[in-house]
Amino acid sequence: MSLSPGILLITIFLPMAAGLLCLLVPDRVRWGRESIAVATTLAVFVIAILIFIAPELRFQTGEIGLGIRYLDLYSYSFSSFLLMFSSLFGLLISLFSIRYMQGRGRLREYYFYLLLTLGATNGAFLSDNLILFLAFWGIVMVTLFLLTTIGSRDASPERVFDAGHKSLMIIGGADMALLLGIGLLWYLSGTFTMSAITPQSGGMATAAFVLIMLGAISKAGAMPLHSWIPNMAEAAPTSVMAFLPGSLDKLLGIYLLSRMVLNFYEFSPGCPMSLLLMIIGAVTIIAAVMMAMVQHDMRKLLSFHAVSQAGYMVLGIGTGTPIGVAGGIFHMLNNSIFKSGLFLSGGSVEHGTGENDLGKLGGLAKAMPITFIACLICALSISGVPPFNGFFSKWMVYQGILEAGASQFWIFLIAAMFGSALTLASFVKLIHSTFLGQKPRELEGVKESGISMTIPLIVLAALCVVFGVFAQLPITQFIAPVVGPVTVSGVWSPTLATVLLLVALAIGLIIYFIGKIRVTREVPMYIGGETLDPVETSVPGTRFYDTIRFMGVFSGLYRRGEEAVFDIYSYGKYVLPVTRVLSVLHNGRLTTYVSWCLWGLIILFLILVGVG
Amino acid sequence: MVAVNVLLGLMILAGLVALEMRNLRVAIYSLGAGGVLFIVISFLMGALEVGIGGVILVAILIPLLIWAVGRTTGEDTTARMRLEVNEIFVLISIVAFIVVLLVVIIPLFPELPSVPEAVEGPMGLSILREVLVLLAALAGVWAVLRLVGRRGDK
Amino acid sequence: MIATYTLCAILFLVGLYGVVRRKNLIKVIIGIAIMVQSVGLVFVVLGYSEGGVGGISQTMGLVALIGGLAVMTLMIATSIRLHQKYGTSDISEIRRLKG
Amino acid sequence: MLPLLFVVIPLGAALVIFLLSRVWERAGDLFANLATLSLFVISLTLVGPILRGDTFAYNLGATSPLGIHFTIDGLSLLMLITINLLCFMSSLYSVNYMERYTAKPRYYILLMLMIMGMNVVVLGADLVNLYIGVEIAAIACYALIAFGVEHEYLEASFKYQIMGTVATLCILLGIALIYRTAGTLNIVELYDAVAAAGGMGNPILVFSSVLFLGGFGLKAAYIPFHAWLPDAHSTAPTPVSAILSGVFIKVVGLYCMIKVFFSIIGLTPAFSMVLMVLGAISIIVAVLLALAQWDSKRLLAYSSIEQMGFILLGIGIGTPLGILGALFHLINHATFKSLLFLDAGSVETATGTRDLKELGGLNQRMPVTGVTTAIASFSISGFPPFNGFWSKLIIIIALVQAIGIGYPGFAPAYITFAVIALVGSILTMAVFLKLERHIFFGSLPEKLAKVREVPWLMCAPMIILAAVCIGVGIAFPWVIGNLLDPAVGVLSVFGLGG
C-alpha cells in the first residue's frame, strides 16, 4: 500500500481543525466536544500508524526564499515513531479528560488547546525545515501556557497565572536561544532543511549546539531550566501535566537533542559537549530526585520525577555512544509512558477523592484497584525495576556510560544508579501514602474512576510491561532505525544488571526504613488525655524522608532549594531595581528631556562627523 | 555682507535680550525687533519671499505673544538657576552642545558650495502647501482652546 | 560668508539655549521663534549669490517660517491653557507625567 | 490623478465635516469613516498594479520642489496600506470612544488632517513635500494629543510640541544642506546627485545626515530622543494613541529615515553601526522602562520604543533581508500595537481606570477585549504563529546572515545585536505577561464585578486587527511576496549586498 504524502498534512491539520470546531460547538451539545476530540485523536492515531508502517514520505510546497518552504514535511523512522506515540498520548488524554475535566469552566478552550497542541506537536516532528519546526515548537509552548491558565481545581487564579508565566518565560527564553542557535546552524550549513544538514564542528557550531541544547532541555525539563515544571504541576490540570510536561514536551525536547547529536553536530563520546550533557544529566537526576523525596503534594512529587527522568535521557544521549543514545531515546519513550501513567493515576485519585495532598490520602488500594495497580506498575517502571520498561532503558544508559570510555565516568554511573534508588524510595512513599496505610475517614465511599479514565491507565501500564518484557520489540522497531543497530544482547548480562539492581533496591529500602523508624518514634499517641483522630496517629508517608531533609549537608541545600536559589527564573527579580532607576530618570522636566536629545546629537556628531 | 553680519549680530543681541528679560512684554518687543532685523536682512540679500514670510511671522506672532502674556503672566518669575543636579546637567549639556556644534561645523563652511542657483522660481503652488500647514494649525488652535475637553468635567 | 554662517549658527544656538534653559512657557516659545528665524536665514544665506537668492531656497525659507508660525500659534494656545490649568507658567513645575 | 486622492479625500472629508457639523452632529462619524474606508480600499486596489511593476506619479505645477509631486512605489504603497488600515480602525473605534470628549467634529477634522499629512509624507516625491507632510501631520498630532484639554493632555502636548519643533528644524536644516550640495530635492534624482557630490565622503552630507538622524530620530523616538513619547502616547485619546504608536512615529520617523539612508545618501558602515547601536539601546532600555510601568497605556508606549528599536536594528543591518525584516516588523507592530492600545482603551472605557494595580480578572467580563489582547500580546512577544514571530525571526536571521555578507569586521557586532534582540524579546514577554496578569487574569476585584464588554463598534476594529495579526502570521509568504518584496525592491538596490 502506498500512501500519498498529503496524508502527513492530516496529522497536523485535522486536530487543529477539529480544535476550532470544538471552539464553535455550543455548550448545550452534550458530549459534543468530547466525542470530536476522541474521534479526531483516534483517527490521527490510526493514520500515524499507517505513516509509521509506510516508507519515508515527503510533502513540500514551493520555496519562498532562502530555501524556506511554507510546508516541508518529511516522515522517516524517527519522526514517524514519535508521531505515533504523540497521537497515542493525544488519544489517551482526550479519553481521560472526558470524565476528569467534566463540569469545569473553559472546557471549550481546553479541547481546542489540546487538539492544537497535538497538531503542532505532530507538525514539529514531521517538519523537515528548522523554521517550520521552530514555529510548531513555539505553538506548543503557547498552548502549554494557555492550558496551564485553565488551572486545576484547588489553585487560585493568581497562582495559576504565575505558573503559566514562569513556564512561558523559561521556555520562551530558551526558545530565543534556540532561535539564535538555529540561525547559527543555518549560517554554518547553508540550509534550513534538516535532512540536508551535515554534522558541523568548530567554535560556532559548538555555540549553536549549546543554544539549541538550551531550547531542548527547557522543553524536556532538565536542569537548570526545569523549575517551571514543579510550579506548573501545582496549578495545571493533571491531564495537562500528563500530556505536556509528562509526555509531549519530553518527546519534543529529546527529539531535538537527539537530532542535534545524531545529525547536526560532530558529536563523539568524550567530547566537551558530551561531557556537558552528561553533567547536566547527572546533576538533574540527583538534584531533582532529592527534591521529589520531600514533597507533600502528589503532583509536585511527580513533577520532580519528571525532571529527574529527563536527566537520564540527557545523560544517555550525552554519552554519544550508540547504545547510550538509543537508551536515552528509549527512556524518553518509556518515560512518556510511565510518567503520563503516573500523572493520570494521580488525576484519577484526585478525581475520586478531590485531594492532592499525600498527607490526606491513604488506603485507597482496595477502593481504586485499577488505579493502584497501574500506578504501581508505572512506579516500578520509573524506578527501574525489572522486568518493566524503565529498567531496560536505564540499563542501556548505564551501558552507554561505560562504553563512552573515560574511566572517570564511573561517577555518572553512580549518579544514575543512586538516582534510581532514590526514585524507588520516593515512590515507595507515594504508593504508601496514597494506596496503603490507614484510610482517612473523609475518604470512605471513594470509588474507582469510570471506564474512560481507567482505559488510558490500563493501556499505559500494559505498555510498561510489554516494552519491558519484550524490550527487543521497541528497540528494533523504533530505535534501531534511528541510531543504527544496537547491541541489546547485553541487557540480560546477569552480573552487572543484577548487582546494580540489588544495590538500587538495597539503598531504597535502607532509606525507606530509616525514614519510617524515625517518624514512628516521634508520633505521640495522646495529648492531654484526649484520644486523637486515627488520621493523625497514622504514619503519614509524607514524613518518610524528613530525616534526610534535616540531615546536615542536605538541610542547607534544601533550604536554598526552597528559597529558589537554583531556580533561574527567580533571578529575574534583579532586573527590577534597574527599571526603577531608569524610571526615576524620567523626571518630567522638559529641560532634562531636551538635554538628552542634545547629548544624543553630541555623540552622533563626534562619532560621525568628528571621526569620519 | 558686512552690513548683513552687523545686522545678524544685532539679531543675536536682540535674541539674548528677549531671553534674559524678566519683563515678558519687553522680551517680546525685543523678539519683534529681531524679527524686523530679519526682514531687513532678507530684503538686503534680495530674498523677497522670505522677507514677506518674515513680515507675516512678525505681524502674527508678536500680537499673539502679547495676547498670551496678557492671559498668563507678565513677569518671568522662574528662577534663573538653582544648584540642583538637573540644572547643572542641563547647563553642561547645552554648553557641551554649543562647543561641539561649533567645533564640528566651522570647518564645514568652506565646503559649502557657492554655485549660484536659478534666482527666479514661481511661488505657485508652494503657497497652497503653506495654507494647508496653517489650516492644520488653525484647526489645532480651534480644538485646543475649548474650555471643556471631556464631557462631565466642570 | 563664513562669518555669516557662523553668526547664523550662533543665532540658532541662542534660540536653543532659550529652549533648554528658560523655564517660562513664553520664553521657551521665544527661543523656538529665534531658532525658526535662524533657520530661515540659513536658507537665505545658502541660496545667496550675487544675483540674489535662489527661488527654491526662498521657498524653503518660507516653508520654515510659515511652518514655525503654525507651530508657534498652537504652542501659544497650549501655553495659555496650561497656565490656566496649572496656575503657573514654570515648565519645571508642569510635570505630572513622569516615570 | 490617483495619488492625489490620498490627499484630496481626507481634506475633502475635513471640509465636509466642518461645514456639516453645525447642522448635523453625527456628520463626522459618517464622513470620517467613509473617507478612511475609501482610502484603505483604494490603497488595496493598487497592490496588483504595483506588483506588475507600475508606478504612479502625479505632478502638479512647476519643477520639483516648487510644485506638488507625488509618486507611489512599492514602499509607499506598503506604508499607505498600513496607514489607512489603521486609521480606518481608529476612526471606527472613535465613533463610540470619542463620545466622552466634547466637540467631536473638531476631532475628526484634525484626524483627517493628520491622515492627510501622513499620506503626503509617504507620497512625496521630493524632500520639501515630505517635510510639509511631516509638518502637517505633526501639528494635527500635537492638537490631537491635547484634545482632552486637561492637565496631562496639555502637558504632554506642549512637551512634544517643543521637542518636535526642534526636530523639524533639524530636518529642515538637513534638507537645506543636502539641497545646496546636491542641487536637487527630488528623491529619485538625489541618489545620483549625492553620489556625484561625494556621498559620505562629503562632510556636509555627513553633517546633514546626522541632522536627519537626530530630527527623524526625535520623531521616531528612539533612545535618547524618546522622552516625549511615553507622555504623548499615554495621554492622547486612545484612537489617537493607536495611530501614533501604530503608524505616526513610523511614517514621520522611520519611513523618512529609510528614505534618507537607502534612497538618498546610501548606507555606510559607520551609519549602519550607529543605527544598529541606537536600535539595540532602544530595545534594552525601553523594555526595562516598560517593565516598571503600572499605567497600561504608558507601558504600551515604552514598548513601542522598544519595538522601534527592533525595526531600527533591521534597517541598520542594511541587507535586503534586514530591510525586509524591518519593514515586516513595522507593519506587524502597527497592527498589534494599535490593537493593544485599543484594548487598553476598552478596558479604560469599561472600568474607568488604566492603573494595573486596580484591575484584574477581566477575562470573564470582557471576552472580546481579553482574547484580542492575548493575541496581540503573543504577537508582540514573538510567539508563533502570530505575525510578530516571523518579523522578529527574519531580523535575527538577517543578523546571522550578515556575519557572512555584511560589512567586514562587524561579525561580533552582529552576534551581539542578535543576542541583545533576543534578550529584549524575553523581557518583552515579561512586560506583556505583566499586562495580562494584572488586567485579564488573576482575580476580579469586587468593584469591577459589574463591568461589561464595550459596544460592538469598538469591538469590531479590535477583532479585525486581531484577525490581521493571525492572518498575516499564517499567510506570511503572501504578505512578503505581494507587499514587502516590492517595497524592499525600491530600496535594497542601494543598500548592501543588493
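To keep things simple, chains are lettered A, B, C and D as they appear, and every chain counts its residues starting from 1.
What we mean here is this: a residue touches a chain if its C-beta (ideal position, glycine included) is under 8 Å from a C-beta of that chain, and two chains touch if they have at least 3 such contacts.
Computed from a predicted structure; not experimentally measured.
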Reported most central chain by Cα centroids is D
How many Å are there between the centre of subunit C and the centre of subunit D, using C-alpha atoms for each centre?
-> 27
If you average the Cα atoms of subunit A and of subunit C to get two centres, how far apart are those centres in Å?
-> 64
Would you mind pulling out the distance in Å between where the CA atoms of subunit B average out and where those of subunit C do?
-> 3
Residues of subunit A that touch two or more other chains sit at 583, 586-587, 589-592, 594-595, 598-599, 601, 605, 609
Multi-partner residues of subunit C (at least 2 other chains) = 16, 19-21, 23, 25, 28, 36, 43, 46-47, 55-57, 59, 63, 67-68, 70-71, 74, 78-79, 81, 91-92, 95-97, 99
Residues of subunit B engaged with two or more neighbouring chains = 90, 93-94, 97, 101, 104-105, 112, 115, 117, 121-123, 126, 129, 133, 136-137, 140-141, 144
Would you identify the shape of the chain contact graph, picking one of line, ring, star, complete or other?
-> complete
Subunit B residues within the subunit D interface of the complex = 104-105, 107-108, 111-113, 115, 117, 121-126, 128-129, 132-133, 135-137, 139-144, 146-153
Subunit D-touching residues of subunit C, taken from the complex the two chains share = 16, 19, 25, 28, 32, 35-36, 39, 42-43, 46-47, 55-57, 59-60, 63-64, 67-68, 70-71, 74-75, 78-79, 81-82, 85-86, 91, 94-97, 99
So in the complex, which bits of subunit C are touching subunit B?
-> 1-11, 13-18, 20-27, 29-31, 33-34, 36-37, 40-41, 43-59, 61-63, 65-74, 76-81, 83, 89-92
Along subunit B, where are the residues that touch subunit C in the complex?
-> 1, 4-5, 8-9, 11-12, 15-16, 18-19, 24, 27-28, 31, 34-35, 38, 41-42, 45-50, 52-54, 56-57, 60-61, 64-65, 67-69, 71-73, 76-79, 90-91, 93-94, 97-98, 101-102, 105-106, 109-110, 112, 114-123, 126, 129-130, 133-134, 136-138, 140-141, 144-145
Where on subunit D is subunit B touching in the complex?
-> 11, 14, 60-63, 65-68, 99-103, 106-107, 109-110, 113, 116-117, 128-129, 132, 135-136, 139-140, 142-144, 146-150, 153-154, 157, 177, 180-181, 183, 202-204, 207
